[in-house]
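Residue numbering begins at 1 within each chain, and the chains themselves are lettered A, B, C, D, E, F, G and H in the order written.
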Amino acid sequence: MTKVYVIMGSDSDLKVMQDCLAALEKFDIGYEVLISSAHRVPDETAQIARDAAARGINVIIAGAGMAAHLAGVIAAHTVLPVIAVPLSGSALSGIDALYAMVQMPRGVPVATVAVDGAFNAGVLAAQIIGVSDSAVREKLLGYKEELAAQVKLKNKKLQEVGYRRYLEG
Amino acid sequence: MTKVYVIMGSDSDLKVMQDCLAALEKFDIGYEVLISSAHRVPDETAQIARDAAARGINVIIAGAGMAAHLAGVIAAHTVLPVIAVPLSGSALSGIDALYAMVQMPRGVPVATVAVDGAFNAGVLAAQIIGVSDSAVREKLLGYKEELAAQVKLKNKKLQEVGYRRYLEG
Amino acid sequence: MTKVYVIMGSDSDLKVMQDCLAALEKFDIGYEVLISSAHRVPDETAQIARDAAARGINVIIAGAGMAAHLAGVIAAHTVLPVIAVPLSGSALSGIDALYAMVQMPRGVPVATVAVDGAFNAGVLAAQIIGVSDSAVREKLLGYKEELAAQVKLKNKKLQEVGYRRYLEG
Amino acid sequence: MTKVYVIMGSDSDLKVMQDCLAALEKFDIGYEVLISSAHRVPDETAQIARDAAARGINVIIAGAGMAAHLAGVIAAHTVLPVIAVPLSGSALSGIDALYAMVQMPRGVPVATVAVDGAFNAGVLAAQIIGVSDSAVREKLLGYKEELAAQVKLKNKKLQEVGYRRYLEG
Amino acid sequence: MTKVYVIMGSDSDLKVMQDCLAALEKFDIGYEVLISSAHRVPDETAQIARDAAARGINVIIAGAGMAAHLAGVIAAHTVLPVIAVPLSGSALSGIDALYAMVQMPRGVPVATVAVDGAFNAGVLAAQIIGVSDSAVREKLLGYKEELAAQVKLKNKKLQEVGYRRYLEG
Amino acid sequence: MTKVYVIMGSDSDLKVMQDCLAALEKFDIGYEVLISSAHRVPDETAQIARDAAARGINVIIAGAGMAAHLAGVIAAHTVLPVIAVPLSGSALSGIDALYAMVQMPRGVPVATVAVDGAFNAGVLAAQIIGVSDSAVREKLLGYKEELAAQVKLKNKKLQEVGYRRYLEG
Amino acid sequence: MTKVYVIMGSDSDLKVMQDCLAALEKFDIGYEVLISSAHRVPDETAQIARDAAARGINVIIAGAGMAAHLAGVIAAHTVLPVIAVPLSGSALSGIDALYAMVQMPRGVPVATVAVDGAFNAGVLAAQIIGVSDSAVREKLLGYKEELAAQVKLKNKKLQEVGYRRYLEG
Amino acid sequence: MTKVYVIMGSDSDLKVMQDCLAALEKFDIGYEVLISSAHRVPDETAQIARDAAARGINVIIAGAGMAAHLAGVIAAHTVLPVIAVPLSGSALSGIDALYAMVQMPRGVPVATVAVDGAFNAGVLAAQIIGVSDSAVREKLLGYKEELAAQVKLKNKKLQEVGYRRYLEG
């Protein structure tokens, strides 16, 4: 069952945004991935946003670069939570996209994650769904333990072999 | 019934963060407002975050300035969605807080809003709760119409009186 | 006869944007001034942009602050030239609005002027209209002479009275 | 018939600026491309700008990097619309050129596009010419449809093959 | 005997630039102060630069704000050393003027001082003149001692009265 | 017994730097406060740095603004730890001083604190002295408890009176 | 005997942070190197910080990138001096980590060094230990002479062979 | 006869700074190139600066990266004009060096050129020497013509072959 829309402005964004899909798959959250540009197909983008709630979507994730309006335009047409992923790749290294997303005016927020933080957008979507879906919340708790276990394992290895051999791999 | 924690690092943040409370009240969402610093009372802050889900909290909003670690520290201890409000007021005008919040590493996102965007943090919390709470979602739809109506009213007045008289008040 | 739309996202932008109207009046260019937000009344904004050409509009000027999507959203719906005025006033002093406007992606440009450069937006609109309207071009040439004359007059006074008395007024 | 001057400060700018020429060719707009530096051949640059209108030029596009004065210097000598393309390539990644172009003082605007946004400069020139040239405007409307069709086609393919196969090409 | 031109783009720059004149007076260096804009009276500005050497000028100081082209335009027309004073006052606090001045391309340097550093521009002009004028160099050595003496005097007072009374005045 | 030098480049820095003295007094750490500029009295500054260790100094704190070289110049002449306080007040809001201090090259570090973070410089000096001075370390532990107690007290009051009355004072 | 903890948020930081270990080895200072993330294993990180003083640690060095909270979180749990190494590698080139570390709020400082300045963090740790350990201070004085000797040797070679042959190696 | 010192903080700067030497050779200006660090051999650096005037030096050029204090430290010890070349190469792309050089405080200016603008530093030194040395000034005038001729030649070729063949080489 589709719970999340992952929308990006261009297919060149897919390489970074696939991290987001990996995260959603990890938490067994259904999604649809769409290419839809706020500037090139504005009416279609608006329509997607307007219809999302009725189609059972819980969260919309929007990834875009440069003057990244996609998330804001979507948020203008829905009251679902919209997560914004600013993408680097321009001469301004994604600061343009970050400011164009995070600085939304009063009344129409988007939830912005790090530049190129597509994976975290997926995790945040899971956290939002987890508010009312205990199965997802359980998976998030498991993931948190997994993250901790990875750090501990790496640290254990570092203690055992020392930093020089650790760096050699 | 308390659904949202609004946590700030210092009581000097309350003046900006009260906008957030106003937003939550607008949507009839129960909240508790807390002062708890990631750097001054780290154990209490961690405890608040760890206990939040069990206490029925759905969303945590954290407002802080400068090297604003509060949202990230809370996110380290919970899988609830955490909304970050970077606060200006330092010599760097809140860019320090913005970067310290939005650039969270892989696995532990926070949902960042605009610098001093406390009101929007409240709206975003409502949107997250609205995913599973149709009453809140209805109120959000009403608010969206209200926003639109205000713009239309102002534009109507502008057309009627002209910009010179509009500016005179 | 209306040739230019001057659109702003909020009536709080009018104080800066009135400079733009003064410029258009100087060149006897008909205009309409509208409040219409890309985020609060997106459909109305799109409609205004879509209908502009048919209504005889030549140029659209859009002023907005923060994550300023207004100009880009309008440009998505028209092939008329769109001039963007990034407005300061946020914690980021208008750099957010500048990046959100000037960094438009391939295919959908907006013509960006300086932060708070509302007057210049009006002059640029006149220059665009002047491409095919010799009366406006004549007025622009007159204005250019006027600008030069002002500088020369000020310099002449400075040479006559010296800098100390000049500063005293 | 030449309608647009495309001027750049150095032949090293041509690699980026050729995108601009491609855009003009797409809309069948006649152009001349010139190398002329505001700092190395200032008199020739001024002369080109002064003569442009009499030679039937409608729009001047200027591309330059670093302390990019070319567009401003040209705008000082003409009332034709001047489009500025800030070029990256310096240690400051084009932010220097962006600020040196977009922040023009009162009375002498230039229409600035994105850093390295040469293609969009060509589109914007076409939009300006399209104000009074319905053939160009028709081509712009066609281009807008083409842009939309490309996005829809890509999205259609993505829906059909899924993101993993899409990324494999 | 006039040795230095102090040129500014607008009479509103005079309030900051008068510091420069004070410095030149301190070293008994003759100067002329001129208002001449690179964008509003470009031909006059070029002429001033071209004629400067023949009129016995040794150094040209140019102060301007925003997209500050004045120093670069002057440097295009002379081989005299040109000192640039970036002025704040815009929304971007003078970073725009700094980048527009200091980032001059290969072959045409300007000597840039701090944002609003008008006094230092005068000292730098004196240092340049002092290369071949021993009387000015002597005065510079005297000024250096004066600067040192001031610091020592303040420190002496601080040691005597303590910081609390020092702060009270 | 003097343990810390607090050096600033100008007496205008004293207003901010007095916070540092307050911190040192809080931990009963003897200090001398000096005005000594890296650019105006370079030899005296070097001498102070060279002699500091022999005079029993443990830590040197240097506060300066703009192109803030004071801390680096001191660090060039001593192996004592040097704490740098970047000061705002220039057009660049202290980012100039921050970069000029924190980005020290390999081999000659300075320990940089926040822009205008004079109080923290004092606390950091105490922490450094506390490495080998258990009395100071005890005071630091007491201060940490005090900080925590203040936050808890404020939070307690907030819970009791609610945010509206809290804001009224 | 372990005197210094070198903690990093991820094993991907080890490649830069090993410079820090090289510095500590140079001054014969015992250290332990640990991987421990403020966001993934917050309780372990807090515990390490809380126990450090009792285990005889004198200084803690923390290296992290992006929204780098590691140093601040550690400083919240100890009164030992904490040295912060902001790491580049993100889209924002380490400015995010720099601001997230250096801008610590009143009462809880960290001593920040340059972006990727891991070696200097080790030298600074030695300087702090050298306050009370004359053997380390002697080694620091020796290192300072070594640095000077290297520069002099390079300059001597440059004078002997000229810059062209020097560049050839 | 040596007229110019070209000083750099490290031999790794020589690769960029050799452009400066090429410029000085072009104008037949005698120079010495030195490696001398403000932080590693501060006394030698001060001595070089203090002795420069007596040894007949007219201008000192200083190139350095990161927290680039070299130019300011030299300027503290001489009244000769000091030209600063901020070098990129750090994580902050030379903005750190730019701010650390250009923002010199009142009384002690340095003449800053573009990031990595070593060639222009040489030209500026020639311009300063040319104030009193007509042979150098003649060479500068010749160089200005050469620059112009190069641009014209490139433009001529572009007109002849068209941009496509020009780009092919």
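Methods note: a residue touches a chain if its C-beta (ideal position, glycine included) is under 8 Å from a C-beta of that chain, and two chains touch if they have at least 3 such contacts.
Keep in mind that this is a model prediction, so the values were computed, not measured.
Undergrad: Going only between touching chains, how few steps reach subunit D from subunit A?
TA: 1
Undergrad: Using the contact definition given at the top, which chains are in touch with both subunit B and subunit G?
TA: A, F
Undergrad: Find the pair in C-E, B-G or E-H that has over half of its contact pairs, by residue number, in common with A-D.
TA: C-E
Undergrad: So, what's the distance in Å between the C-alpha centres of subunit E and subunit D?
TA: 36
Undergrad: Counting in whole Å, what is the centre-to-centre distance of subunit G and subunit H, each centre being its mean C-alpha position?
TA: Taking the average C-alpha coordinate of subunit G and of subunit H, the gap between them is 33 Å.
Undergrad: Starting from the mean Cα coordinates of subunit E and subunit G, work out the distance between those two points in Å.
TA: So the centroids are 41 Å from each other.
Undergrad: Note the residues in subunit B that touch 2 or more other chains, in rising order.
TA: In subunit B, 10, 37, 40, 66-67, 90, 92-93, 95, 102-105, 107-108, 114-115, 147 touch at least two other chains.
Undergrad: What chain pairs are in touch here?
TA: Result for touching pairs of chains: A-B, A-C, A-D, A-G, B-C, B-F, B-G, C-D, C-E, D-E, D-H, E-F, E-H, F-G, F-H, G-H.
Undergrad: Within their complex, state which residues of subunit D touch subunit E.
TA: 9-10, 37-40, 42-43, 46, 65-69, 72-73, 75-77, 90, 92, 95-97, 99-105, 107-108
Undergrad: Subunit C touches which residues of subunit B in the complex?
TA: Residue positions touching the partner: 88, 93-95, 114-116, 147-148, 150-152, 154-155, 158-159, 163, 166-167.
Undergrad: Which of the residues in subunit G end up touching subunit F in this complex?
TA: Answer in residue numbers: 53, 58-59, 79-81, 83, 98, 102-115, 117, 119-121, 123-124, 127-133, 137, 140-141, 143-144, 147.
Undergrad: List the residues on subunit D that touch subunit H in their complex, please.
TA: The touching residues are 10-11, 14-15, 18, 21, 33-37, 40-41, 44, 66-67, 90-93.
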